[in-house]
Amino acid sequence: MDKSSLLALLAEVQRGAVTPEAASARLADLPFEDIGHTRIDHHRALRTGLPEVIYAAGKTPQQVAEIFTRMAVAGTPVLATRATPEAAAAVLAAVPAATYNELARTLTLDPTTNYQLPTTHCICVLCAGTSDLPVAEEAAITAEHFGIRVTRLYDVGVAGLHRLLAVRDQLAEANCIIVCAGMEGALPSVVGGLVGVPVIAVPTSVGYGASFGGAAALLGMLNSCSPNVSVVNIDNGFGAAYIATLIARSSRRGEV
Amino acid sequence: MDKSSLLALLAEVQRGAVTPEAASARLADLPFEDIGHTRIDHHRALRTGLPEVIYAAGKTPQQVAEIFTRMAVAGTPVLATRATPEAAAAVLAAVPAATYNELARTLTLDPTTNYQLPTTHCICVLCAGTSDLPVAEEAAITAEHFGIRVTRLYDVGVAGLHRLLAVRDQLAEANCIIVCAGMEGALPSVVGGLVGVPVIAVPTSVGYGASFGGAAALLGMLNSCSPNVSVVNIDNGFGAAYIATLIARSSRRGEV
Amino acid sequence: MDKSSLLALLAEVQRGAVTPEAASARLADLPFEDIGHTRIDHHRALRTGLPEVIYAAGKTPQQVAEIFTRMAVAGTPVLATRATPEAAAAVLAAVPAATYNELARTLTLDPTTNYQLPTTHCICVLCAGTSDLPVAEEAAITAEHFGIRVTRLYDVGVAGLHRLLAVRDQLAEANCIIVCAGMEGALPSVVGGLVGVPVIAVPTSVGYGASFGGAAALLGMLNSCSPNVSVVNIDNGFGAAYIATLIARSSRRGEV
Amino acid sequence: MDKSSLLALLAEVQRGAVTPEAASARLADLPFEDIGHTRIDHHRALRTGLPEVIYAAGKTPQQVAEIFTRMAVAGTPVLATRATPEAAAAVLAAVPAATYNELARTLTLDPTTNYQLPTTHCICVLCAGTSDLPVAEEAAITAEHFGIRVTRLYDVGVAGLHRLLAVRDQLAEANCIIVCAGMEGALPSVVGGLVGVPVIAVPTSVGYGASFGGAAALLGMLNSCSPNVSVVNIDNGFGAAYIATLIARSSRRGEV
Amino acid sequence: MDKSSLLALLAEVQRGAVTPEAASARLADLPFEDIGHTRIDHHRALRTGLPEVIYAAGKTPQQVAEIFTRMAVAGTPVLATRATPEAAAAVLAAVPAATYNELARTLTLDPTTNYQLPTTHCICVLCAGTSDLPVAEEAAITAEHFGIRVTRLYDVGVAGLHRLLAVRDQLAEANCIIVCAGMEGALPSVVGGLVGVPVIAVPTSVGYGASFGGAAALLGMLNSCSPNVSVVNIDNGFGAAYIATLIARSSRRGEV
Amino acid sequence: MDKSSLLALLAEVQRGAVTPEAASARLADLPFEDIGHTRIDHHRALRTGLPEVIYAAGKTPQQVAEIFTRMAVAGTPVLATRATPEAAAAVLAAVPAATYNELARTLTLDPTTNYQLPTTHCICVLCAGTSDLPVAEEAAITAEHFGIRVTRLYDVGVAGLHRLLAVRDQLAEANCIIVCAGMEGALPSVVGGLVGVPVIAVPTSVGYGASFGGAAALLGMLNSCSPNVSVVNIDNGFGAAYIATLIARSSRRGEV
Amino acid sequence: MDKSSLLALLAEVQRGAVTPEAASARLADLPFEDIGHTRIDHHRALRTGLPEVIYAAGKTPQQVAEIFTRMAVAGTPVLATRATPEAAAAVLAAVPAATYNELARTLTLDPTTNYQLPTTHCICVLCAGTSDLPVAEEAAITAEHFGIRVTRLYDVGVAGLHRLLAVRDQLAEANCIIVCAGMEGALPSVVGGLVGVPVIAVPTSVGYGASFGGAAALLGMLNSCSPNVSVVNIDNGFGAAYIATLIARSSRRGEV
Amino acid sequence: MDKSSLLALLAEVQRGAVTPEAASARLADLPFEDIGHTRIDHHRALRTGLPEVIYAAGKTPQQVAEIFTRMAVAGTPVLATRATPEAAAAVLAAVPAATYNELARTLTLDPTTNYQLPTTHCICVLCAGTSDLPVAEEAAITAEHFGIRVTRLYDVGVAGLHRLLAVRDQLAEANCIIVCAGMEGALPSVVGGLVGVPVIAVPTSVGYGASFGGAAALLGMLNSCSPNVSVVNIDNGFGAAYIATLIARSSRRGEV
């Protein structure tokens, strides 16, 4: 779709020959920008509800900066995850308005403008121990980038149950709950039994020995006896927040 | 909590001394019925939104029938999953009004009375091949039991992409999509890229050799490049439907 | 050591030439009875505190019956674990006074005579779900065989935390706690955080799919964030009870 | 619980309105100190018998130093495990009275004051080879920190059985035995057959090739044919010592 | 075979006593050049259709340079894969005419002279994401080295299906298709369903957590529901191109 | 596409308005026959070169018979793999002209009519031992069904190398070679070094103990040092033959 | 080699034109008997020192009987391992002089005639527990079939070390020691430390839970700290005996 | 055993009161030298035929140097394996007469004096590729240290079978053959089929992707179809040579 055909389409919308819904549907399948190593999917938001996000791991700082810049130029909010300090430096040099969070390894640009929801829409992000913080923060910042209010409840592992029970009221307010835990990964099961909303479990690679890089937590979560628990990949805070955002945004609770 | 204290509580609600919310909260933590081998959680619906479900695997037909009967007597809708024909016979002898679905291995009693939602709330259940049907049906019947409208889209595996593209309109209507697939488990990723709602992926144990009983599909789904995909245990159609129900029920879409 | 040398040793004890401690030490290393396929270790109790137990799995009913009979004839209490109904029939034909527990798959003879302790010595055996009962009962019967009082607390899985909190007083009385759980194996971590005694975790093969025959529960327990948890093999209720017995028997708590 | 309510509780104890047991029980569930990234559990000793210990791995030197200092200020003995030299430097700068053991990677403060038991309470810590020393020393220092006398028996692997048989008398005196071994992990089974007390097996990550980071030793120990062996995570010397301490402290043997 | 016997053989061919086919067959089994650490197989092309290639991983830069030089001297085109920058420096110092591709980690010498085919012979090399580029390029350069025309189609992962459908015409022209993908490895199945030629699937080690270094993608590809998919080792772009070359070179399509 | 539109298309071809190539391309994407549990892909041959094949495992005998009959009625040759004797009975009752091969577990109908090629097109199917026969025969019958001449070379395992060297001439004639082997799976590497055509390796589940159901052979083949080896799933004789057919059919060798 | 060429060769030997050594070498590479499904290697003894043995698993009773008969007719001693009762019945019907050992699952014919050595050549076969007997007996009967004297030492597991120490003199006499053990597989390491001859370790599939079908024992043995231990496949008593035979037969010890 | 008791024993031997055999047996069980972190087993040669060897991995350079020096002082030949350059420097500083082989990572002192055998005793060490050299050299140097003649046959992998067949005569002379191979680990099976002596297979960690650090080669070797193959740990060249030495030393072949 070149520019003129886009204008033609929009003109048709303007004069009522094409409904906006039909135009949106047609645009959703339209092309990507091919910059050689990458095909940027500028219309992804039309198709899947949320814009494309840059997964910086395995890309050179230059590649990250180039993609980040193209998306910034296109005017959409931008999020990059798993960004190394080197990638952050390259992006910040090109797009000074971007923000780097070293703990969460995220780069964001103007995250809150487009997606702002009433503040009654919210999720909780829990983690079992201090070492799970990077994953939990990746989740929290991603959800905030998509316009969701986030309640952080950290270091509430099951070996000290009173810490979890003390935050029960906050759990009750959430549209969706993200639980990050390494080691035995028991926290999602316990949380799942306390609430009536979906729980997204994120196994973390925290642990040693027989944790096998997070595999023990992953298996535990997949076998959860709480039926409201689903699981994403080890350390995948971003994915959990993406799903939680989709759930929270569509929820009745939170509307005026 | 014995009957009299329950009555006392309800009387307080009646005269305004206790709000219904407070009463509900107190009841949510109240006891279970201890029948020796099992502690039935009659108030689970108050606490977690959906009633307890009987997981029949590993229980004797007698145990299944006993629990099923107690819950039927308590007046709640009842669902048992992974029920063998023997367990089904024992339950049907005790509760003739129950229904057994041999393919899905489910036993249900009066599933639609309590949870009926406007029919615009719906989910899709997809499966990749004919062999995935038992898992897909467990999911579909569970969701219907909880009052959700289900669109079944079966045998739409990725090796014949046109079959999937042919049902794209139906995908677009769902509040949540369940995808059951064995072998390489690629279908959730492809579906995830086509829609803007959460996708619950259910790996099935369909396959042979290096499928390792569903582990290949499980790993594939956990590594999905579509960020709206979360995963439940192998063959866990019930769990997927439980989560999909929570998502669909809270969704704005579907309200008048 | 033939009979005469044993008598000589005992005579020396009688006249004070050898202390009882020295005699006991010498006897502890003394031989076994070789019956061809098996070397029965009649003096094991002297050496390791508790008598040899017959592990019936992998032995023919005839082998089990033969060993059981030899030990019964020797006058020691006898316990066989993992006994099939066929093995039970063979033993009961040879030793009618023996008792078979079909759920726990144990065969016992006169278990309580020799080891009776004050009833204040006790352990708790917990299990997460109904399907864990065979393993839990193997543990409970083993401990009772060794003279320990057992409190059974079944179906107290973490998805309904109030069930566990309701038995907290009983947990507080135990010298040691055995926790049997399949699926995600989260219960030992939660229990471990509530008590100040050793917790022996027994993963069970209960579960399906990614439970991989109990491996998920095993890994979860090995990675427990509660430091008072140690683990035995999958389904090894006997081993857990053996260790719990050693701990409880040596404990101050329980003495007059 | 703020200070005034604590004082009120203690006043009630003083005038007999509340028994000390009841007061202790109430305090055991009381809150933690929330310092943002961590919730310090100051009353853990009341609830579980031994105070909280800092697991330094995965925490920044600053976080370790901050938690260490808070606990030191609270007057309790402090132990941090898996401390890097950098964490040690940060702690020693803040708490000069602390001690760093480079081999065991432990930081301790005044470990022996509070828990001192009669010296007849003791455990043995064995290791199979020289390379297991860091794990064995973590166990030994942890137990000594909790007031237990420790007999170290190192480099007694099963390929030179006479080295193990030479220390048999020392094994016989222990209330509990910790065995650290990598490679095939055979030592706990052999030791377990020689003694009548619980054996805590610690697989170490010592080995190469098919040791798979300690998994071979772990599996070997879980399958031990000696029934008095239970297992903790790979390299988890701390956990083994924690359990051994609980066992030794409650033992009759060792009392006057 | 020394030089004189070679000459004798060729003389026989000249005078018709030995057919060229028979001479070729005899030469195919003839010796290698033994340079101590390596036995160079100069006649491999006669035996298996394509010349020996240097696998540089695990060899010192000196060894790589020595083998490369020997083969260059022998006059055959030379390809080395998995070459580090250090190996490249050593080779370029010895053979300045060689070319190093840093992304693909290949060293080539005069690749196109001997194998040039009509340009209608071609393969496609696809990759799912930007991070798969090194593997895809290793494949593409290898095939070009062997005289095959390569169409590169990068960043066409299944989460944005329209990107793949947009290149369908190019897929239809290939004699064989190589598909490189990490994470869930779903792309080969989807491509396999669109074409009627063999698909060589190359799992890449791209991913994290439960990708287990490419094992998830590998398992997915082995379980492909498209029957025209076969698989090579993780990251083995070279092997895929070798096989694709054999297929394309023998194909009728592409001949005048 | 209903019948009339098909007729219209064909009429356009007749009068030259549409080329046959264009018509074929349009038909390739046309629909499937939806029989409830299965969507039969009648035009698969147009799209991918070979017709759909029924994978009978996991389908009921009735489902297999129904699909087999529909395809027979459509006039295409039919092949079903992994057919149990029960499925065979159901098919033979419905389609008496079909043939069941008990060793290979295949059901075929008129396999050779449509695909007959000059007999110079051929492949070899090798197996290492007698126990690999079912997999090798599945491959051989599949290839013959698709019109390829097959040379069977069985029981030529690497422990008796002279057996393999004795068939070297037959290997030299093939367009593609399928090698089935269990246990250590070494045969494909050895064969790969002897020939200049693609080798498709099929690991079989033959073996015991550390063969782990064929995983050892699978891993061996994936790590083959012969670069012309690619691999399909364990016991997947059908897939290997499908790919070998594609390769052989397009090969110049075999044409007049 | 047909009969006449064999006679010609033997005539040359007779008249001194060919040495017996040269004739033997030529015969060693000579053909096998091709009976369709199997290529019997009648001259294997010339090439590798011991005759071919029938591995009956995965072969039909008819195939086993046919091969057994051919070898019996050829006059060589015959051994079949892993023979089911059905295979045994088929063989005994065809070759009544054969012997079936049900525990070891072996079929033998005239095992001792050809290989008889001085009785001073001997090996020991140890097993850890009663359940390991089938594997140990397969080893013992195989070695005896090859003419080696076997000392059986059963049920000498490491949990009762005095049982092993009691047989130390018998260990000292052996040329090679085979150790069969399941569970943790510790016995080979302990035995290896006591003797100065090679120890062949045979992991058995005895155990449950985390023994993973013998994998735990296998890993333990591979990581043995005794350097004289090598390992064969799980339950591979035959292989261990084959190697032990080669070692014992070549040993100086045992010669007059 | 202090010096005087040793002298007393030797005096008894001298005057005939104790036979040399009896004295040797008594000494074999005698103590080790305890240097704190290590118990040096000076009499291991008496007990197991070959002296203790230092496994340097996991020990500090200082520990290695200390043990090496003690053994050098005791007058025995000394071998240390897996020695880093740092450990080598420490040893060479203390024992200048020692030799460091950087490729094999071995430190040796006077290896050939004590064990020299007739040069007809020999073994072969094979490796499949250049990258296996470090493991092969560890094996070769170890065997030479123990007085065995070693024939090195390197880079003879199965993909170029003629390279292996070219060295068949050298294989025929060996008393035992060590085969080091990574990747698919097929070489031991092929070699095993060519010879009549024990083959010790050493999987190496050479490979990438699905070689999983040598696990693929290990599994292949364990499943070898050649019955004369036994296996040691991944990269364990030392262990293979230790066993090969025991076999070769006891062999008749090689004596005058």
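Chains: A, B, C, D, E, F, G and H, in written order; residue numbering restarts at 1 for each.
In this text, a residue touches a chain if its C-beta (ideal position, glycine included) is under 8 Å from a C-beta of that chain, and two chains touch if they have at least 3 such contacts.
For clarity, every value in this text was computed on a predicted model and none was experimentally measured.
When the C-beta contacts at D-G and at F-G are tallied, the pair with the greater total is D-G.
Look at where the CA atoms of chain B average out and do the same for chain F: the two points lie 39 Å apart. Distance between chain centres (mean CA atoms), chain G to chain H: 26 Å.
Each chain gets a centre from the mean of its Cα atoms; for chain B and chain H, those two points are 61 Å apart. Residue positions 129, 160, 192-194, 209-211, 215, 218, 222-223, 233 of chain A are each in touch with at least two other chains. Taken pair by pair, the chains that touch are A-B, A-C, A-D, A-E, B-C, B-E, B-F, C-D, C-G, D-G, D-H, E-F, E-H, F-G, F-H, G-H.
In the complex of the two chains, the chain F residues touching chain H come out as 128-129, 157-161, 182-186, 189-190, 192-194, 207, 209-212, 215-217, 219-226. On the side of chain B, the complex with chain F involves touching residues 129-131, 133, 154-156, 160, 162-163, 166, 206, 208-211. The touching residues of chain A, when paired with chain E in their complex, are 29-32, 37-39, 41, 44, 57-59, 63, 203, 205, 213-215, 218, 233-236.
Listed in rising order, the residues of chain G touching chain H in the complex are 47-50, 53, 175, 192-198, 200, 218, 222-223, 227-233, 238-240, 242-243, 246-247, 250-253, 255.
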